[in-house]
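Which chain is which? They are A, B, C and D, in the order written, and residues in each are numbered from 1.
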Amino acid sequence: MASDAKKVIAARAARELEDGQIINLGIGLPTLIANYVPEGIDVVIQTENGAVGVGPAPDPGCEDRDRANAGNQPITLIPGGSYFDSATSFGMIRGGHIDATFLGTLQVDEQGNIANWIVPGKMLAGMGGAMDLITGAKVVYIVSEHCSKDGASKLMKQCTFPLTGAEEADVVITERALFRRYPERGWVLEEIAAGYTLDDIAACTDMAYTVADDVKFDAYGAD
Amino acid sequence: MASDAKKVIAARAARELEDGQIINLGIGLPTLIANYVPEGIDVVIQTENGAVGVGPAPDPGCEDRDRANAGNQPITLIPGGSYFDSATSFGMIRGGHIDATFLGTLQVDEQGNIANWIVPGKMLAGMGGAMDLITGAKVVYIVSEHCSKDGASKLMKQCTFPLTGAEEADVVITERALFRRYPERGWVLEEIAAGYTLDDIAACTDMAYTVADDVKFDAYGAD
Amino acid sequence: MPKNKVVPIEEAMSRIKSGMSIAIGGFIGQGDPLTLIDHLKTMDVGDLTIYENDAGFRDRGTVELVKQGKVKKIVASHIGTTPEIGKAMNEGRLEVEPTPQGTLAEMMRSGGAGLGGFLTPTGIGTVAEEGKQIVELEGRKYILVPSVRCDVALIRAHAGDTWGNLIYRGTSRNFNVPAATCADYVVAEVENLYTMGELDPNAIHTSGIFVDAVVRANIDYCVIREEVFNGQ
Amino acid sequence: MPKNKVVPIEEAMSRIKSGMSIAIGGFIGQGDPLTLIDHLKTMDVGDLTIYENDAGFRDRGTVELVKQGKVKKIVASHIGTTPEIGKAMNEGRLEVEPTPQGTLAEMMRSGGAGLGGFLTPTGIGTVAEEGKQIVELEGRKYILVPSVRCDVALIRAHAGDTWGNLIYRGTSRNFNVPAATCADYVVAEVENLYTMGELDPNAIHTSGIFVDAVVRANIDYCVIREEVFNGQ
């Protein structure tokens, strides 16, 4: 089961969605976002292994061997969905045909750099499609717990791990706060989840940011 | 109706075909080659506008509006044929997936240069797919009358018109002779059609060539 | 449910403004979006730059826009089927950039795929390399061709659903596929319109992800093609 | 009539020799050519270089060839589903070249299309640009990625005819399409074999033009996929 923090993040991220958008959801936490799409909002989910129009998970026993997402989980396809090959899929992704991508991360920093594909010294997994998604999607959302398991801030002055993308992060959504990055101003703290104060966020955030004039407290509930 | 010279050229060119080959036939004279494919030889014809497995022309009245070749002539499709888009089609062509292309020409020269897309000062038509075909096909056959209408040799020391392809011609088949180009030796006269002598060919051929030791006279009949 | 993109042709085409670049699908009449071109003829736009394999056939297709003086430049592989184009070029009324057919298709596909360009061996040693950067890799020379991105693409399909998933028929597929990917705004005319879910998801040639507006094709295309075949 | 390319698997695979490069289709089990890989396990070949999105899933797929010591190097986007690969790399038994998924797909597609390479924005500012040429076009930086051509490609399709026209099903299409184009010799395993003319010529995903040998898939793929789904 997903942790409460993950659910909080996924629910808040889902409220960023706009009607008609094409989105791509990373493996893990980002996949949960599909469960929280607000009423009246229709988004179309692309999965980089070659489908658009990903629907809800199939009922147990009804999995189709040739219908899975990039995390190899069984999927269904909604009416209007279709399949394509990997070269075409990444053409869509790099070509700006995906409105938003939601990805977890290990680190994100002041410059908008993202590091989420390798921990030096640990077993290599590979970057998969993350570098392409971060480069190609119109808006890159980082959806991640605020701190790593050892308590260190994932929102750093400068990434220490090898980058997945340089200056590509647009929005960071954690269980504690929401930051947006603007061309001139850099990261701006716009929302703070219920139970946290400005000082709390400052204490667990290493990257520089400014606080929005209309910063929203007790956020993450209904708008 | 095609001239006798054109029929002779097409018939000889058809005898170059090998079983199982994928070929592309240019507009005009080269298209005639399909009528002379020897018994026992099955070739598959690709047309660069997006089909492979081009069959005989349809009966009058049975043309299909969505089945035509690159010359916009109605075609049929043989069992096993299929359609594709232009990017895929030229991927096949440049990628070496076409065994042989047969093209007419204005000029061809000692270096194997081909000029067949523009006559300076005359109305521009465009190179169409010729540059890609000449570059990509494994073997490039020039099938053309030996001389232009004013009697000048099309087989020149050096092309004077803008090139379609540099050093790409492999075989030249005219109604009078067949030449093959070898890496070291350059053009070699290998066959002379019935009714012509070595001197006749020398008189109407401006490009340098050597004569094969086993040059075949009275050729172009049965092998 | 994905968005219904079927709109009246006036609305679909209203995004086209003077000075824009337009990628157009089709191949000398096969799959040309004649409905959309006919509508464009009625619009007050000019200075257009067209990327298309050709300008149509005889007096049908993009050549009509050229005759109207709406087109500034055309990037094409073949203009021999529309003598008016060569005439307009010779008279200085139209700029023509002859481009190898495979290079043109790849320029669109590459632009649509978010690539900056590609290395092609086609045209090395010819005028096609003029003004282009040459890159040598493993002893072979290539022309570095920049991708093209257009403001608008106009395409035609045999079947389409309301979200813009498209299926082409026969050799009318051609440039419609790469053109559909390379523009900020894509209008598709479809001969047969279906609701979502009716088309086989394994058989879609152009995903609705690429398409912004769907219009019904309202020209008797069959008649036009018969004329073409009979004229040969 | 196009050539019948259906051959016994031993004959189809006999072209594979030590030291060759092999492009393999599939995506962590979806559309992996397991019949061909199983046969490769029985062959006396080594020093292989593999281009594939991943090495399979758990103990199925290319990872089995790595365990046998047949593989020198693997160029892949993701090896996290096969822990043995990371282990072999760390122990110096295997060279791994991590490559962005879209770049890998395009390397194959580009090689198959006779292009020398392409310019991608993916990986700029990361380790993916190390050792690569950077090209700037209109103010944006791109990595110049050379294409890949392999000696052999191994792919899997849902349906195929005897000439090698292929149709994939669902998300099992993936890398099978670009892999089919980029090799000198292509072997396809097909789940359902048809005679020529039975498949819709508008619905073919991979033309037989790309395929050299067709083999019947003889593994109970459904069972393997069920295991995968149940294991999650």
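Heads up, the rule we're going with is that contacts are C-beta pairs under 8 Å (C-beta built on N, C-alpha and C of every residue); 3 or more make two chains touch, one makes a residue touch a chain.
Worth saying up front: this structure is predicted, and the values here are computed from it rather than measured.
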- Task: Chains touching chain B and chain D alike, please list them.
- Result: C
- Message: Suppose chain centres are the mean of their C-alpha atoms. Which chain sits farthest from chain C?
- Response: A
- Query: What is the distance in Å between the mean C-alpha positions of chain A and chain B?
  - Reply: 56
- Query: At what distance in angstrom does the C-alpha mean of chain D lie from that of chain C?
  - Reply: 32
- Length of the line joining the C-alpha centres of chain A and chain C, rounded to whole Å: 35
- Averaging only over C-alpha atoms, locate the centres of chain B and chain C and give their separation in whole Å. 29
- Out of chain D, which residues touch more than one other chain, so two or more? 106, 109, 113-115, 120-121, 168-170, 173, 201-202
- Touching two or more other chains - residues of chain B: 77, 83-84, 87-88, 90, 93-94, 135-136
- Item | All pairs of touching chains, each written as two labels joined by a dash | A-C, A-D, B-C, B-D, C-D
- Query: Contact residues on chain A for chain C in the complex?
  - Reply: 19-20, 22, 42, 44, 46, 52-53, 77-84, 87-88, 90-97, 135-136
- Query: In the complex of these two chains, what residues of chain B are touching chain C?
  - Reply: 47-51, 63-70, 72-75, 77, 83-90, 93-94, 113, 123-132, 135-136, 162-167
- Query: Which of the residues in chain D come into contact with chain A in the complex?
  - Reply: 27-31, 53-54, 57, 76-81, 83, 86-87, 89-90, 96, 98, 100-103, 105-106, 108-109, 120-128, 158, 168-178, 205, 221-222, 225-226, 228-229, 232
- Under the touch definition given earlier, write down the residues of chain C that touch chain A in their complex. 1-3, 109, 111-115, 161-163, 165, 181, 195-197, 199, 201-202, 204, 207-210
- Task: Note which residues of chain C are touching chain D in the complex, please.
- Result: 106, 110, 113-121, 135, 137-138, 140, 142, 144, 146, 167-170, 173, 200-203
